[in-house]
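Have a look at this one.
Going by the order they are written in, the chains are A, B, C, D and E; count residues from 1 in each one.
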Amino acid sequence: MNADTELLRVTGLHAFYGDSHILHGMDFVVNRGEVVTLLGRNGAGRTTTLRAILGLTGTRSGSIMVNGRETIAMATHDIAHLGIGYCPEERGIFSALSAEENLLLPPAVASGGMTLAEIYTMFPNLQERRNSPGMRLSGGEQQMLAIARILRTGAKLLLLDEISEGLAPVIVQMLAGVIRELKSRGYTIVIVEQNFRFAAPLADRHYVIEHGRIVETVTMNELAAKMDRLHLLLGI
Amino acid sequence: MSDDTILETRDLVKEFKGFVAVNGVNLRVKRGSIHALIGPNGAGKTTCFNLLTKFLEPTRGSIRFNGIDITRERPAEIARRGIIRSFQISAVFPHLSVLENVRIGLQRRLGTSFHFWKPEKSLEQLNDRAMALLESVDLAPFADSITVELPYGRKRALEIATTLALDPELMLLDEPTQGMGHEDVGRVVELIRKVSAGRTIMMVEHNLNVVADLSHTITVLARGAVLAEGPYAEVAKNPQVLEAYVGVAD
Amino acid sequence: MFEFLGITPQALYSQLLVGLINGSFYAVLSLGLAVIFGMLNIINFAHGAQYMMGAFIAWMGLTQLGGWLGDSTLQINYWAMLLIAPLLTAAIGIAIERTMLSRLYKLDHLYGLLLTFGLALIIEGLFRYFYGVSGQPYEIPEVLQGALNLGFMFLPKYRAWVIVASLSVCFATWYMIERTKLGSYLRAGTENPRLVQAFGINVPLMITLTYGFGVALAAFAGVLAAPIFTVSPLMGADLIIVVFAVVVIGGMGSILGSIVTGLGLGLIEGLTKVFYSEASAVVIFVIMVIVLLVRPAGLFGRER
Amino acid sequence: MVTHRAALGFAALLIAGLAAPQFGIYPTFLMKCWCFALFACAFNLLIGYAGLLSFGHAAFFGAAGYIAGHAIKVWGWSPECGLLAATAFAAALGWLFGSLAIRRAGIYFAMITLALAQMTYFAWIQLKFTGGEDGLQGVPRGEMFGMIDLTDNMNLYYVVFAIFLAGFFLIYRTVHSPFGQVLKSIRENEPRALSLGYDVARYKLLAFVLSAALSGLAGATKTLVFQLASLTDAHWHTSGEVVLMTLLGGLGTVFGPVVGAFVVIGLQNQLADKVGSWVQVIMGAIFVACVLAFRRGIVGELMALMHRIGLRRV
Amino acid sequence: QAKKDAGPNLSDGVVKIGVLTDLSGLYSDLAGAGSILAAKMAIEDFQAQEKGRAFKIELVSADHQNKGDVASNKAREWFERDQVDMITDLVTTSTALAVMPVAKEKNRITMVSGAAATLITGKNCTDTNVHYTYDTYALANGTGKAVVKQGGDSWFFLTADYAFGHALEKDTTAVVLANGGKVLGSVRHPFPGTDFSSFLLKAQASGAKVIGLANAGTDTTNSIKQAAEFGITPKQSLAGLLMFITDIHSLGLKATQGMYLTEGFYWDINDETRTWSKRFFEKHRRMPTMVQAGVYSSTMHYLRAVKAAGTDEAKAVMAKMKSTPVNDFFAKNAKIRDDGRLVHDFYLLQVKKPEESKTPWDYYHVRQVIPAAEAVMPVAQSECPLLKK
């Protein structure tokens, strides 16, 4: 593989929160235009992996190449400008801003982001509640907003953490559609999910994490064959 | 109102600056049942919970609990009547020990909560009961740990134990399985089933497996109003519900 | 000619105008506090000390600098100081933010209050030690000496300038924060700095500059005050408490609230001085209590 | 284990308090320290256990001083009645302030208490009986319960120490009581406490009133010691000082405020003559150092150290 | 090493003098370090006169921060622990009033030089206290009378809203009325204040010829500055009822020229005052204020009384001090009354125009020497119980 095809390469990544050592040498690769999931049990370190990529954890070491650039020593805001969009697990809606202000907040990091109109067609709830303060939105509306927010920025590498959480089934189905659509537009997406049923049909590849290490890699083709192993690892 | 109705709302309305979040909801919750409240995002489920526990003031309408009008009461009073809620995010007292967490729930009924001159020892009479409650949610071995250190799933369990300490007649659970791994979901479902004996439970939940598994009655809200009501099998076939909430299975 | 409670309309107008002048000081000071509070979630107890520093730097530039450098003709005049003093004070503020405040953001916000309280003690103590407390004179700049005859009163030109200058600064700040994207960055940055940074915004830099800006506002007010109030180490110590009350009434962190409330309370205080001067020191606190009873978040504050 | 350590601390405190004046430490200084120690402990009850930072606690301290002074000097009340009346007044004032302030939390709460205290400060300047900025001097010490002659410094010392102990013990008890438990739970997670049926506002209010009353007791005792009530005690600087004492000694520790009070008063006493206006600078520097470097305070850090050593041994 | 055989019968072998003053606050310029210096000079001069044979003398000093409780605390400590015999200076009324009863209780002496209120020799007088330098009555009386005589017969007061300001206003009002003037009104401003323009506008609207400043320190200086700014002076004139040479120094002659004020001492009265003041200036780089001169004189008077009485017991020393007139550069033939008031001459001064001032600190024209008997409050008006035998 070379730098033309791979957008993200993580090698020997260690990350800490204070004294606790969470990631113990992660290695994985995400190619351009791929959808990849990180699976694992609660507390396995999936969220930490995404945060570490953006430099949001405590100390980290190893190597993270984004688009051919080493980012391990870079400041968070500079990493973001390499074209990364992040949707955090806890959603991170700003309560002091209205829904629309939240939506407009992240600055564009590359050209080609979606327009406001496109986003509103995708999430009509948000259009209706656009002037409502962020913290007044319902749980699900906040989730939609958190995703919609990064679609505007033009970021081509999306890190999505538990985006199907707290959403009505009908919206979850729609989100699956959105991800396919994004993939077809050439976006590269890393998904962290509990909801295997949601993630499985979308991904080109699954990485299973346990105790801060990749313990299994499953490509789409191998999925059926390795189902038992996944059951064992994830308790599905 | 018949005896087997524990909670009833009439034309409950909540407006936020011109936006109607809950629009004339009539609920009737049967005593001893598990009643699920589902609906699309923003349908008004959490708002309903907030109205029932008076964390929000209804714009119109009335709430009756055990035949008594509680529409004008304050949150703490409602809680003392036996309506206890859980939160969408876990709600424990992080820097108290696990045992103390449960004891806070038990303590209220001693009636000494304002007694600043009584020693803490006076609370130790509650320890047995607290341990029993912890036992019931498999937390007994952790009794002396500081709560922050517990994993997420166990915190949820502790929260339920604390709620049970108040021996509520009616428990309101807002998305109890959200953010949990598959094993934890299973454990919580079992737990809810276990504690539902002898009390009434209302819950909001998006995980349809859980809903199907647990609930006797389901009320579907959409845009602040009741769209459908009935047992799972019936509701799940309702075309309106399919369209607004469940989506067409692919 | 009608009289109102024994006051002629002329006298009333002139008192209102004087109230407005004080109000504009309150506005600039509480604006600085609101900017810092709104963005850093820190009650800047050192604000009064920084206001005092602004005045002192102006005074030093005019009267001391020459002596220090051994050339008595060397002076930095008032106009230059309107820019230099805020910049210098902001630089000190930035140093404080970088070395101390920045370590506190993860903690309870009360620690920020305690830290700046300590800083205020240090700054005021140092100035007391070096310059005593009796106050230093500062001349009104040449062009602004004298008064305008408004018919109902002689308005010193300098006071007119104070109103114009502070209102312009207030408006510019308001525009910058509320009408540009900057405002939402700042507000979001207060709430979840790490996430905003993950969106590609250099949050630490933004916060540092914001603190510097808030401090600069205080120093600016200090320079404005130097020619009319004696320049003394204690000039900010008691004023700051009043300004806190203004910020609370306006609704903490609300930019517009602090400006409007600052001006309004200046007027109310002015009127109290006329009708019942004994109460003029407490009137703001009384209003504060009333406002809080009716609107706990302040007049312009958001309920949380 | 914990109670064991607390008992040890109590014993040490008791012995130190009883013995200190016998070792030639100037008793009036000690009395001042005990008064402030009680004040700081009362303050700590609020911030350490209810999580409420009041920046206006001097209001209670000062007000009670005036009430006690006036009752004893002008009305000729006995010292114990004066102290009681003053404490009751402080409690009432605390109830008033509390009802207003507890509607908000955090920084807002701090600001509101500050402003309310400032209002009372102006009231004291205006009211005739306080003597304005001159203060109320010449308060007779009289006889406690009609039998203990308080003009004798040693007698007074032990009375003051007894008052401190009583107050201190009440606070300790409060913290470790059913009420204290609820208070802690409110500090930890307010909405949850509310949803469990605790009327949060009333608990906070009771804590506030208790804290105010004990602060008042401290202020009234100080008036008795110095035979004088003055504006200083009601000024917001005093509110700042008590925060400093508590922070320096250790927020939310039982003995921390006592240690903090002794250190701060001792420093002020030692430094005032030698370094003049540097006292303020030094106090400020201590504040900054506490906030930046050792937020757990002296006692907090010591306890952490002991904990670490203990762990290592195990 | 006191020569006990030659010296008087001292309680602990030394005479200890405490200067309790404002070292860091508003009044540190007019008292403060200068007062300590003055006391030190007095002790040195006394030892020199006695050729070191008298007795051992020690000086202690402390900052009372203008707070009554701090002062009383310190005084108590000095009396109880350090055996201090006499405390001097005490700059604000609150500190003086707080220390006096402690001194009386411990049978020690206070010699107040810095404080101003007539309460000190009035309702709150004690028999172990001397009020040495000045009081509000003397200042108000001197200035009030002079200004009315100059034609300033209608007054309006700008009064600091606290006990001291009220007293000043009351005393001056009495003088103004007694001399045929009238008072058109007054306004109370918060203390301390920063902006006086509202109050000054009221004063202006009253049309009074004279605006009496019944305040002190920065309040006075700020009022003066702002009166000039609003064009109130020179149309109406100001009368500072409690001002010191240090205030004039910091305001400058331009802002203060022509003002009348009264002081108990001015360095440039005669050769004696000049000689002493030059000595003081050499060491302090500032000319003495009346307070500092008073500290010197009172300390000297006290030491001589101890020597004469042969003891440091307060009653005996006090009796000696009262029976011996003060005769030095500060006061001529001045006697201490039973209420503790030192009855000495005062000076009515007028601030020079900038061009009239030839040397630094050359600030005043001496317009009149107010004879002692006229300057201080008559015994008949005093509320001191000690006078009503």
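FYI, a residue touches a chain if its C-beta (ideal position, glycine included) is under 8 Å from a C-beta of that chain, and two chains touch if they have at least 3 such contacts.
The structure presented is a predicted model; accordingly, all values stated were derived computationally and were not measured.
Where touching is counted per the definition, the chains common to chain B and chain C are A, D.
Farthest chain from chain D, judged by C-alpha centroids: A. Of all chains, the one whose mean C-alpha position sits at the greatest distance from that of chain B is E.
Set side by side, the interfaces A-C and C-D show unequal numbers of C-beta pairs in contact, with more at C-D. The distance from the centre of chain A to the centre of chain D, with each centre set as the mean of the Cα atoms, comes to 52 Å. Centroids built from CA atoms put chain D at 42 Å from chain B. Centre-to-centre, using mean CA coordinates, chain C is 37 Å away from chain E.
Chain A and chain E, compared by their mean Cα positions, are separated by 78 Å. Residue numbers of chain C whose C-beta contacts span two or more other chains: 128-129, 278, 281. Shared interface positions of chain E, defined as residues touching 2 or more other chains, are 24, 161, 190. Counting only residues that touch two or more partner chains, chain A has none.
Chain pairs that touch one another: A-B, A-C, B-D, C-D, C-E, D-E. Only residues 26, 28-29, 32, 122, 125-126, 131-135, 137-138, 153, 226-228, 230, 232-233, 272-273, 276-277, 279-280 of chain D touch chain E when the two sit together in their complex.
Across the complex, chain A is touched by residues 16, 19, 38-47, 88, 151-153, 175, 178-184, 206, 208, 243-248, 250 of chain B.
Per the touch definition, chain A reaches chain B in the complex via residues 41-43, 125, 129, 132, 136-141, 143-144, 162, 165-174, 194, 234-236. Here chain E touches chain C in the complex through residues 24-26, 28-29, 161, 187-190, 192, 194-195, 197-199, 201-202, 205, 217-218, 221-222, 225-226, 229-231, 246-247, 250-252, 255, going by the rule given at the top. Chain D makes touch with chain C in their complex at residues 53, 55, 100, 103-104, 106-108, 110-112, 114-116, 118-119, 122-123, 126, 236, 240, 243, 247, 276-281, 283-288, 290-292, 295.
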